[in-house]
Amino acid sequence: MFTSYPFKVALTGIWREKWINFLCILTIATGLFLITLAVLFVHNIELATRKLPEKFSITVFLEEGLSSKQIQGIIRTIKSNSAVKKVKYISKEDALKELKTSLADAEYLLEGLDENPLPATIELGLRRSSVTGAAVENLLEELKSINGVSEVQYGRKLLSAIQTIKTNSEAIGFILISALSAGIVFVCYSTVKILFYRKKDEIETLKLLGATKGFIRAPFLIEGGVIGLIGGVISVAGMLSLYYPLYQRLTVSIPLLKAVSIPLGILPYPPIAGLVIGVVGALIAIGRIKF
Amino acid sequence: MIRFFNVSKFYDNLTALRNVTFSIDKGEMAFIAGPSGAGKSTLLRLVYLAEKPDAGSLTVDGIELENMKESEIPYLRRKIGVVFQDFRLLNRTVFDNVALALRIRGISEREIKPLVYETLKMVNLRHKADSFPSALSGGEQQRAVIARAIVAEPTVLLADEPTGNLDPDTAAGIIRLFKEINARGTTIVIATHNRELFRNTGKRVFTLDSGNLVSQGVG
Amino acid sequence: MFTSYPFKVALTGIWREKWINFLCILTIATGLFLITLAVLFVHNIELATRKLPEKFSITVFLEEGLSSKQIQGIIRTIKSNSAVKKVKYISKEDALKELKTSLADAEYLLEGLDENPLPATIELGLRRSSVTGAAVENLLEELKSINGVSEVQYGRKLLSAIQTIKTNSEAIGFILISALSAGIVFVCYSTVKILFYRKKDEIETLKLLGATKGFIRAPFLIEGGVIGLIGGVISVAGMLSLYYPLYQRLTVSIPLLKAVSIPLGILPYPPIAGLVIGVVGALIAIGRIKF
Amino acid sequence: MIRFFNVSKFYDNLTALRNVTFSIDKGEMAFIAGPSGAGKSTLLRLVYLAEKPDAGSLTVDGIELENMKESEIPYLRRKIGVVFQDFRLLNRTVFDNVALALRIRGISEREIKPLVYETLKMVNLRHKADSFPSALSGGEQQRAVIARAIVAEPTVLLADEPTGNLDPDTAAGIIRLFKEINARGTTIVIATHNRELFRNTGKRVFTLDSGNLVSQGVG
């Protein structure tokens, strides 16, 4: 198949004008590289902000004088809720110790106390997926209805702040990445179109010789596709070959980078995108063939 | 085979052809003569559908060109071999340029090779099969175009100034070749300013001047 | 001047092949638009993180039994330091009130006190520029040497966290924007080069006719420059015409955007960059002229 | 004016010119004849420096080409007007194509206009001044190239197959024009396969065949 006429014409065509075609390939590679970089950037910001909700917690205040069996029962009930990720019990004694630590030098303030006035509490961590307004409200109702629970507190402000940041950064990231991708895809397409502009005469001659539309288009589409595909492959190769050395060097000075992740699942997309850009670019560049 | 009836062609304020009426029979070999700018190339361009007439009607091989569907145009063009005045060689080897005419017609690669080499031999260009047009002399390019026009044995051969870059001996050889092809049944129309080509051939000569068909004679 | 030969050739050349030239102009416009967008993105992140240091503060503990005149003197001394932005005095009474508020329901803990055990403090806010390790250390030494100051506390951890975030985000932003700019500039240059590739024959003919290098290059450089300049102007025009409607619409759903700033000072740069890209692209596209 | 001494030119395994020695005097009008592919265009290309000889030495207007500095090449080329066999017209109007030869030489726009129109009249193309080459007939394009070659009154005029697309009457007109220009002192070399052009002119004719200078005679 690759020795058939349109393939031969396309491949020898690419080879004969290799420099200008290589420039076009590099352009597409650069474009796809930048899009991939942007996607990774947003992906990593997304990963980083995902961990924020885990810092959100609910404090359950227990009534006075519960037996340790009763407390175990309450803890079990809470743990059985699917929205709850982790549970930490803080006894009256622990609470007092904490207060003393936070009072520091003023600890003598508490010296005159004959009885521990602090309640025992349970702190809940939530699963990521559950940190939405409605889910939290439901959970709170459930917690309050448990026997032995006197009060439930949670950081309403923190919750809404986290949600605002998440929504905002996702929306802004989406807008930026869309603009970037649209722009770069246009630029790649435009490069292919400008590259094929010089084929006008050749197409005119082929028409006059009696070639059908398919016969005229086939080699150009293959040529565009091969150029785009190579561009995509180069962008992935560049990504991978830059990743390891650069990553190791940069993490020394920028420790945050250690958390950067490159999901391998995205690797096939740049070549596919390149192929599509090349073929579509060539198709539109050739334009409507009118005999 | 080719019938012009009151055909006119205008470019802006210029009349390239005015009310031209004539016809060329099946199997005939005819000449279009006339000075530079007379309209010879324009007339041929109308036949191979590179341009549309502005008035009149035009039939090729019995087909009225005006009512033709666009999708049929490539198939009509395949009946016609054209020696373009400006060559129109593609930036491929001479072999590939000539083979193109066969590939367009869907002929298999196995058949193409002997056909192309045989035709290149006819125009004395076998030794340049692997050259690119940019490495050919003017006359060699012209012979490559001739080879491409005749290789697929078209029903009609249109040759626009086919010997403008050829010395008299080579030109005479090409005309001999055209006569052989004509003898095998191909209708041939040659546009030329070179009266030597049709002198004493006994073929019909249509003479154009400023777009008008001014005389029909025999060479 | 604009009717002189090279200008006429350049401008009529652009006009005659307006569609393909327009595509090239749009490509450059898109590229510069994307770079500008990226610069604005980093600029705004930078602006946002800049405000972080203001949240960093130093607490100065005062000795017992200072007269209000002495306290005024200390405040004046501190205020005279150029690194200090704002100063807040918290008297012993205010400190106690604060503690009571934070103890909330456990306020009765403090009931038995006959004397206020809390020290008076002064909280300092720092100027942005002064929040670096060395500057803070200097300031601390100075503060400690003031008469009447018993102790100085500051958030060492917070300071280093802020610095890490700043350095990291600046470095990552710099790398990203450099990669993006380099890539897009290359793509723009490449487009111009591919655009001028079809002029090879024309250049060859000009050489054979006896034209000097300058004569051959001038119209092409002008053509490239005009294409690049128009591209730059379009990118700025696009920026401005998108900014207001899009901004107003988006701030409804993404309140964070309200803080976005577009410094007008960057507006001349895209056209200048376009001009340079066009001229350099054309220059390199024409290549070394050898007679 | 032009002196070839043992000049050879090779392309790959092909000898385009072999040990060619001859010279053309200042003010002479001479012809290079020979069949297609004989090396006529190659010979002229060496003179206007489009190619370098592989052996031998070559002098134009007293200048030894081999030792020439690259920066001097444009100035030597300006002494030479060339009618290219493949035209090499730029995609500008006929006026601008012809004017180009003057603009390259730094002549002011005010002087250019009358000069160009006068020259276009000489080749009978005044009416096509505003046309683009793509809208010209083959012969009209050829005459535009001739106008561009002569407009700046070069010291040497090299014409490669200048009448290949012209009818005999127009061709005769062009040769008459060349003779006038020659009479005013311009050295002219015409490469052609058309023996009619030099028959009975009394001018020297150098005949090439397969790269060898096979005869020197008088037309």
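As written, the chain order gives the labels A, B, C and D, with residue 1 at the start of each chain.
The rule is short, and it goes like this: a contact is a pair of C-beta atoms (placed from the backbone, for glycine too) under 8 Å apart; a residue touches a chain by one contact, two chains touch by 3 or more.
Every value quoted in this text rests on a predicted model; they were computed, and no experiment measured them.
For chain D, the chain whose average C-alpha position is most distant is A.
Per-chain CA centroids place chain A at a distance of 63 Å from chain B. The distance from the centre of chain B to the centre of chain D, with each centre set as the mean of the Cα atoms, comes to 29 Å. For the pair chain A and chain D, the distance between mean C-alpha positions equals 68 Å.
Computed from the mean C-alpha positions, the centre of chain A lies at a distance of 24 Å from the centre of chain C. In chain B, no residue touches two or more other chains.
Arrangement of the chains shown, judged by which pairs touch: one closed cycle in which each chain has exactly two touching partners. Contacting chain pairs in the structure are A-B, A-C, B-D, C-D. Those residues of chain D that touch chain C in the shared complex are 48-50, 70, 73-78, 80, 82, 84, 88, 90-92, 100-101, 103-105, 109, 148. By the touch criterion stated above, chain A contacts chain B in their complex at residues 5, 9, 12, 16, 201-202, 205-212, 215, 290-291.
By the touch criterion stated above, chain C contacts chain A in their complex at residues 20, 23-24, 26-27, 30-31, 33-34, 37, 41, 99, 106, 108-110, 112-113, 117-118, 164, 167-169, 171-172, 175-176, 179-180, 183-184, 186-187, 190-191, 193-195, 197-198, 250, 253-257. By the touch criterion stated above, chain D contacts chain B in their complex at residues 11, 34-37, 40-41, 85-86, 135, 137-140, 142-143, 160-161, 164-170, 193-195.
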